[in-house]
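One chain, chain A, links the two complexes that follow: it is found with chain B in the first and with chain C in the second.
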Partner chain A sequence: MIEIKDLVYEYMTDEQENKVAALDGVSLKIEDGEFVCIVGHNGSGKSTLAKHLNGLLQPTSGDVLIDNMNTKDESKLLDIRQKIGIVFQNPDNQIVTTVVEEDVAFGPENIGIESGEIRRRVDESLKLVGMEKYAKNAPHMLSGGQKQRIAIAGMLAIEPDILVLDEATAMLDPIGRKEVLNIVSELNKKKHMTVIMITQYMEEAVHASRLIVMCKGKVMMDGETREIFKHGAQLRELSLDVPDIVALRDELILNGVKISNNAITETELAEELCR
Partner chain B sequence: MPIEVKNVTHTYMAGSSISVNAIENINITINDGEFLGIIGHTGSGKSTFIQHLNGLVQPTSGTITVDGYDMRDKKQKVLGRRLVGMVLQYPEYQLFEETVYKDIAYGPKNMGLDEKAIDDRVREAMDHVGLEFKKFADKSPFELSGGEKRRAAIAGVIAMRPKYLVLDEPMAGLDPKGRKNILNMLESLRQATNCSIIMVSHSMDDVARSAQRIMVINEGKIAKLGSPEDVFSDAEGLVEMGLDVPRISALAIEMRKRGIDVPKNIFKAEQMLEFIKGIKAQERK
Partner chain C sequence: MFKDITLGQYYPSDSAIHKLDPRTKILTMIFYIVAVFLVNRIYAFIFPAIYVVSVMLIAKIPLRYIKNSIKPIKWIIIFMFILNLFLSTNVENPTVVFEWWILRITHESIYRSIYITLRLITLVAGTSLMTLTTTPISLTDGLERLLAPLKAIKFPVHELAMMMTIALRFIPTLLEEVDKITKAQLARGADFESGSIIKRAKSMIPILIPLFISAFRRADELAMAMESRCYHGGEGRTKMNVLKFHINDLYAILVMIGMCAVIVVIQMLLPIL
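The block that comes next holds the complex of A and B.
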């Protein structure tokens, strides 16, 4: 379980040494096995929050606890980092070797897993992301979506309980984006991995069961995705948009078409309309 | 005068056993002042195609003329290239000067303009991209936000006053607000200067909103070329090519699967709203 208590993170802007709070009193609890999406526009603090989860950044005040281990406790950092894997935006910055399977093995090797077990984990991870055929390939010959899947496989080989995707689909094309989303949805369903997806794309949020909306370092909304999307006006005030399908649904209701305000995907809306 | 692309084929590693046609037999006339959207998935050849437009890449066969300048000819290419501004992916990675002003001035300076003319162009370009001169001119590019950096980089190309502005994924990685800013900026630039905008994008919704004409490239060939209505009227076909479609087209596909006969030309929310209101009104009768 992740517990964040009154988290504040301030940094100096270089000119007048004014302090800016990138995170301004964030408190959250995320249970094991949840699929959470965190949205907010640039500068909302969502990526800063992600970097606190494994101690890459340390709070100015407040606490971040992962299974009751505080990220401030340096002796626990290695344990924490084996529990949480973070995949970042640019796959090219996360690939370190010249052969796919060696790259996936890099993590478990570094935490001292014995070689037979590494072999097993590498094979399994590559299979989970559907890249087993590319084990001997060179990463730079792969597409962006494939590289990002390799980065995810590298995380899975550490066998984390929690997978964090920090705008991991932003540089991918629509197909690559779908590939990554499908894989993390599967991991969440089948392996009960906790998934925290940080994104600017509201369309991606429909995959998560819980949606957290951030603005100016604060949590503005937190709840079931479907419920949050019923508050279009509030989202627009935070200069975020509801997905196009939800916007259309609301317009239809305003125009007197008798449908419920539950549908958030095109399939669901089509079904409502056929009733 | 337009850009004329005639029977252009580009082969990588030509003559070797692993030669690949990146683009094949492309024909298109890009008109003055039009907004052309180019879509296609990764590896479809769209980036190879746009690199031909300013002579960065030469066709293996076929011809390209920019306002009559033959881009295969060394001397003519120099003249043709001046008309075509090229904004590559993540252009902010190419910002390098100490100030935003100097960075935008770099292109005009290299054209040999005098200081007054350079100054005019920098101010004009910053105005077009919505970066206030007073506030941003003396800032370091590295102090800017992601969206501002992107706009500063585009201003550097606009300062060359291109007749054709080619952009490869100009909105990639920006948040929804930043995306809208860039799209609106391109459209108002086009209206103010009558330049042509040639924009490659993965986002069908962005292309559907802004382009007057859309070219779909698939496996190196033009799969479709026409108005957004024409192109998106075959939503099922686009999906088959592994492309995304506007969300409203995706809804139309789902509705057709369930027996509602949604007209082919519907791909915008306003159209769909009217259509559904219509069928619901009929049901009530």
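The block that comes next holds the complex of A and C.
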């Protein structure tokens, strides 16, 4: 379970000695097994929030607790990082070695697991992301989506309870994005892994059951994805847009088509219309 | 265009030599260098030569790779040959073959030149066997293990190995980036081909600066990704692929020691040439 209490993070801008708050009093609670999506614009503080989750950044004030371990406690950092895996935006800058399977083994090697067990974890993680055929390949020969799957496998090999994707799909093409989204949805459903997906794309939020909207370092909206998509006007005020399907749904309702404002995916909307 | 570059000169194959422990290969290479320096009669170079050829045959590496490995140092070899031809004349009663002005070639200096040339060639051909049969990454692994005792004197063995690994990992990535930046600058009208050497060197600046900036950014992100993956230095770290000595490793080292012994004994028994 993740508990964030009144988290504030300030940094100095270079020119004037003004403090800028990247995070301005964020309080959140994320339960085990949730699939949460955090959306927001550039500069909304969503990536800064991700880096607080495993102690890469330390709060100016407030606390971040992962299973009741405070990220401020340096002796607990390694334990926290075993519980929470973060996949970053650029797949190229997360891969450490020149062979795929050795890269996946990097995490477990760091925490000192014996070699037979590492082997098992590496094989299993690669299978989970569907990359077992590429175990001996050189990472730089793979596509962006494949590299990102390797990065996810590298995290899975640590066997964390929580997986955070910090704009992990931003640099991928539509196919790569789909691959990654499918994998994390599966992990959430089948392995009951807590997934926190940070993104700028509202379309991706559809996969999550809970949606958190951030703006200027504050949590603006927090609730069930379906409910939040009912407030299209409010989202547009934060210059975020609802997914195309939701926009279409709202437009249909506005023009007198008698359907409920519940559908958020293509199939749901089609079913609604055929009723 | 850089997607298919190979690092070093590794020749992929599935031979017994390739499967040797990298530590064995490093050790045999050191023994080999010792063996070559033990040679002090020209005829004895036949032993390192036989060794190199037979290892290449076992490793299924085409023999032309010997030529390839010597090619980069051919000027050094030629230079050494000429230098020795004219300079190694300070022996008692030299047999002069040729004399003109201050230049003098003697029997002894010809002998010396051939000797030095053979030594250089066998040295380079033999040591390149290691890089031909070992991937850079397993070499790094082997070095890390071999140098492990130096940790006792606070020598940063693990850090060095990690730096090597990351460097090897990022060479293709950075090459790709150079390609991208070059094209971007060309599209903006940059000219890399005309002008004097100095002008051309200067025109590299618009490639190097973006490259450096991005390399630093990458380093920063990589550090964060590594930390997120529980990296905290070499302490308490384990390995998935643990290096293990096999019976073949023992044979390889025995062969090397045997060769050193043969060279020493034969030269004592046959002090000709």
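Heads up, the rule we're going with is that the second predicted complex is superposed on the first by the 275 of 275 C-alpha atoms of A that agree within 3 Å, B and C clash if a C-alpha of one lies under 4 Å from a C-alpha of the other, contacts with A are read in each partner's own complex, and residues count from 1 in each chain.
Simple rule for what comes next: a residue touches a chain if its C-beta (ideal position, glycine included) is under 8 Å from a C-beta of that chain, and two chains touch if they have at least 3 such contacts.
Small disclaimer: the values here were computed from a predicted structure and weren't measured.
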Partner chain(s) touched by A:G85 [first = chain B, second = chain C, both, neither]: second
Which of chain B and chain C A:N42 touches, first, second, both or neither: first
Partner chain(s) touched by A:P243 [first = chain B, second = chain C, both, neither]: first
Shared chain A surface residues [contacts with chain B and with chain C]: none
Touching residues on chain C, where the partner in the complex is chain A: 3, 136-137, 165-166, 168-169, 172-173, 176, 218, 221-222, 224-232, 236-242
Chain A-touching residues of chain B, taken from the complex the two chains share: 41-43, 145-147, 172-178, 202-205, 242-244, 246-248, 250-251, 253-255, 257-260, 269, 272-273, 276-277, 280
Parts of chain A lying in touch with chain C, wherever the complex brings them together: 51, 54, 56, 78, 81-82, 85-86, 88, 90, 92-99, 101-102, 105-115, 118-119, 122, 138-141, 151, 154-155, 158
Chain A residues touching chain B - in the complex, by the definition given at the top: 41-43, 89, 143-145, 170-171, 173-176, 200, 202-203, 239-241, 243-245, 247-248, 251-252, 255, 257-258, 266-267, 269-271, 273-274
